Amino acid sequence: MKRVIIDTDTAGDDTIAILMALHHFQVEGVMITGGNVQFAQEVENALYTIEVAGKGGQVPVFKGHETPILQLGKSQHRTVEDVHGSDGMGGANFPLAKQRPEQEHAVDFFIRKIHENPGEMSVLAIAPLTNIAMAMKKDPTIVPKIKEIFIMGGTNNYLGNITPAAEYNFYVDPEAARIVLHSGVPMTMVGWEMCTQYSVMDDADHADIEQLQTKGSDFFVAVNTVVKAFNKEVHRLNGTTHPDTLLMAIAADEAIMAKSNDYYVDIETKGELTRGYSLVDINGRLAHPANVRVCELVDRERFKAALIDCLAAIN
Amino acid sequence: MKRVIIDTDTAGDDTIAILMALHHFQVEGVMITGGNVQFAQEVENALYTIEVAGKGGQVPVFKGHETPILQLGKSQHRTVEDVHGSDGMGGANFPLAKQRPEQEHAVDFFIRKIHENPGEMSVLAIAPLTNIAMAMKKDPTIVPKIKEIFIMGGTNNYLGNITPAAEYNFYVDPEAARIVLHSGVPMTMVGWEMCTQYSVMDDADHADIEQLQTKGSDFFVAVNTVVKAFNKEVHRLNGTTHPDTLLMAIAADEAIMAKSNDYYVDIETKGELTRGYSLVDINGRLAHPANVRVCELVDRERFKAALIDCLAAIN
Amino acid sequence: MKRVIIDTDTAGDDTIAILMALHHFQVEGVMITGGNVQFAQEVENALYTIEVAGKGGQVPVFKGHETPILQLGKSQHRTVEDVHGSDGMGGANFPLAKQRPEQEHAVDFFIRKIHENPGEMSVLAIAPLTNIAMAMKKDPTIVPKIKEIFIMGGTNNYLGNITPAAEYNFYVDPEAARIVLHSGVPMTMVGWEMCTQYSVMDDADHADIEQLQTKGSDFFVAVNTVVKAFNKEVHRLNGTTHPDTLLMAIAADEAIMAKSNDYYVDIETKGELTRGYSLVDINGRLAHPANVRVCELVDRERFKAALIDCLAAIN
Amino acid sequence: MKRVIIDTDTAGDDTIAILMALHHFQVEGVMITGGNVQFAQEVENALYTIEVAGKGGQVPVFKGHETPILQLGKSQHRTVEDVHGSDGMGGANFPLAKQRPEQEHAVDFFIRKIHENPGEMSVLAIAPLTNIAMAMKKDPTIVPKIKEIFIMGGTNNYLGNITPAAEYNFYVDPEAARIVLHSGVPMTMVGWEMCTQYSVMDDADHADIEQLQTKGSDFFVAVNTVVKAFNKEVHRLNGTTHPDTLLMAIAADEAIMAKSNDYYVDIETKGELTRGYSLVDINGRLAHPANVRVCELVDRERFKAALIDCLAAIN
């Protein structure tokens, strides 16, 4: 069983992704980073999700960086309550979980865990990459000891979601993304376009899920209420999107990634229109060595089956 | 019959595009701008192409800006002899045409022509937009008198050709592209991805063209020798690409543009990785009014038929 | 007698500078560029100033670029009516001059004049460098035929005036400044700090000027009303500033430039805080060849004497 | 007695600055950050300097960030062995000190120390601001508990030292400088121009110091050998520069800062020529509230006296 550390800005699909991870992996820590919604809410969402999975108290949650690396003073990065609801959970306003977060900072947990288990830990990153980048900067000696990182983020020559040029996780902290992508750790990137092309659950899919009538499926329905409406209006998508869950499913079963290739990937941090843009050099025009395995095709049915298996199992 | 002005950095596919334009339109002037290959060679290529079309001496050719707006001193922009051959004509080294270029600068010709024919002239832009932008800056009163501009340039959320982030024409002079795109003139953009997806002529297509055995088809074969090899190696395309010719075909027969939409389009001029990137705000995330009609689908068979008709007619 | 072309955004001190130039040089043309105030007003200001100098109808005025190179569509660059009064003439609202501007565009006049008089013409630039840069881009063959350019613009490692990092002329069109500075033409730059350190005319100086009681001195008093108040409030300067006049005085009598050195000078066009900043590499840290002679010290008394001579002579 | 934390990239003048700090303050920790020379060498230089001051084993030294925040992978920031000698100590190659660095990371020490002593600790920053910025990002709740920061860095509208536009400490990690400057902590900045204008020790000054014939003066002579030659060649300065020592002297005796003002200060992080440029908005053109007290004049004799007092006392 893969030993993993999750880094999440828990809201919306992050929760289902955490369920998926808890279903498949030995999750040794969940780190929270600033992103989707208010930080304290993200922490609660992660704790509650662990409880939903029946693992309350068994998986430690660590608070990390609340803001992107370059955010100044009291300024605030762009959160997306419009996508996920005010609580990031479709407005469900779940009760507080019993489990409380750890005292240790996520960055210190990460550094310690990697050193204690060299070559053992897989990292599942479904949020801005602030925590992971900051850990690598604080202690660069962890880098060769990280087994692999799966990243939900960026786009592969495709329309972004938060701006036309950028996907949310890379947009919020492009400098962090750049640090991580150039670290040399073996890395797999699942971009936003994989999500919109292969992870959308439409009305029929939702019906399939609802009829499971498990605690897992009920939770799924609740957290996906707001995003469904948002997707219809903004992304012209008929259904819910599951980028983070897809990332977890691929980490658990690489056959879901029907096609991938190794490319040079870099992040624009200077542009006026393109901050957070992920360059994926498919044709090798820049002649840099590949640093990322990029997911290019998803076996949608296999992904849906994985999702249903997971939600069915949670009861 | 549409009255048109062509702006071209004549090499490779520009030549076939000029043939196509001469076939369909009343071409009242051909302006040369710095781009694909050495400027003087571009001028000769345009003159020779007009001769091939049997219109030698009937269509004036004007020399314009040799370098992008912001190019400094004796520095040189990136030319692409690797794509089009040393002469930009597949290495055919055709003889000099009899017709010589005009004395009037392209920018002055453009300003004069537009003022003399307000609302009458369509502009067919198949090169970096330096000349057109500089004309608009020198005399902004021409802007409302330009009927429309068809632009081959940019990408619509797709891989670029000269860098991963940018298409050649916009990359060479992004500032010019930005000036033109924000001018307010009715505008149609055909991006590089339309070309790679729908304009590629493969071996079977080339066979169809070769058997025409006209002066037009012979010329087509000659100028496409080098680009065929280049496409296989760099763009992983099996065949020749015809962005400029596609632009002309669409201007002549809009039904070839099977689908289009009006979007806000802007150009990155500041990025480190993304200079010349064309942002196309498909989902309206930036909430700016649309400024460009963007071609989203091409009727490939109709395009091929238009190409064959044109080459067949030149003999 | 030096044969000169003036490029000006005529308002405030530009007028006195034009008087100074008409006093010393054979002025063969005055080009107007977008800058200080509304363009049409600048044109009138130049025409009126020529009339004040008693040269109405003898020195042609050419309208040039109304906006900086990269200014888009209908957007407007920053004008400074707060510095110079609504009419750019201290609110004097002078009558229209009899002389009217020429039909020829300033850029075309410039190109023609330089070609007709290779190595003969000195250029006196006291405005954003848009016209001169655009002429160099339209016809690069003029570059080696320009004798020299005197530029009022930039700062030499000193506080700017329009932003902390930039002087107005370079700030309004930094791309133009960059093109001109890298052209290879012999060039002298008089920065804003020369003006604030050595060209300020205080109350005593104004008294000396007023008592001349010439048409020239009356005009001087009128156009300097608003800037005097502005300088006190914004630049903490007690008196009026005369950057453009100083430039002319130095061009007329280089002994006024008590010290100068050749340095590598470049312009920042990308910065977030530093657009238009002029880098002057005094210690040669960048190891680029010098491209500009930079004025480093002014003989203030000699300058004042030149100013008084000029104003005394206009009656 | 001020309780202080020093952050240093110990080489050259940092050592004398540490001596000065140990002479005047209760130094509760010395943090090392990547900067002047190889990181491990900086650590040794700090330890040795503490030994020279006779405080070996009494002042803990903490290793912090070895590289600027945004430095990627195995790339290396610009070090300046040319200024300070290969060992950063004028090539003296001193023996290793007996004291060894602490295990705790500088960032964690800093956060802990500030929380343990709210409102008590002054920070004396004479290096790139990486450690302090990273501490503020890791735990923003320390910010209101920091008493004050004295920063040697930037320039106040003056020529830089590492590039024409930037001073070394801000150039190496401009993002860190920006984070610290916008933190809201009371802050005093002593720029490079204070150093070149008022801290230079010329041959006569060196003679005065040498004749002290203390352990302190011998050490001063040794570490300043290389920089003396460098200054003559590059900065055209006849003598040695003491920016870090000046900073310490001012922190110890504010009367040495003969004049200062509160200004808005910001750092350019995007420019092509101006990375690390410190904007100091003396005239309030940007209308932002002041965030930094900027030293504008130094009582040179008082500074020299302080330096001599300190070196005399070390024996």
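Note that the chains take the letters A, B, C and D in the order they are written out, and that residue 1 is the start of every chain.
Note that a contact is a pair of C-beta atoms (placed from the backbone, for glycine too) under 8 Å apart; a residue touches a chain by one contact, two chains touch by 3 or more.
Since the structure is predicted, the reported quantities are computational estimates derived from the model, not experimental observations.
Comparing the CA-atom centres of all chains against that of chain A, the greatest distance is found for C. Chain B and chain D have Cα centroids separated by 57 Å. A straight line joining the Cα centres of chain B and chain C is 40 Å long.
Counting partner chains per residue, chain C shows two or more touched chains at residues 269-270.
Taken as a contact graph, the chains are arranged in a single closed ring, with each chain touching exactly two others.
By the touch rule above, chain D contacts chain A in their complex via residues 65-67, 69-70, 72-74, 105, 107-108, 134, 137-140, 175, 178-179, 182-184, 269-270. Residues 157-160, 162-165, 234-236, 266-274, 277, 279-283, 285-286 of chain D touch chain C in their complex.
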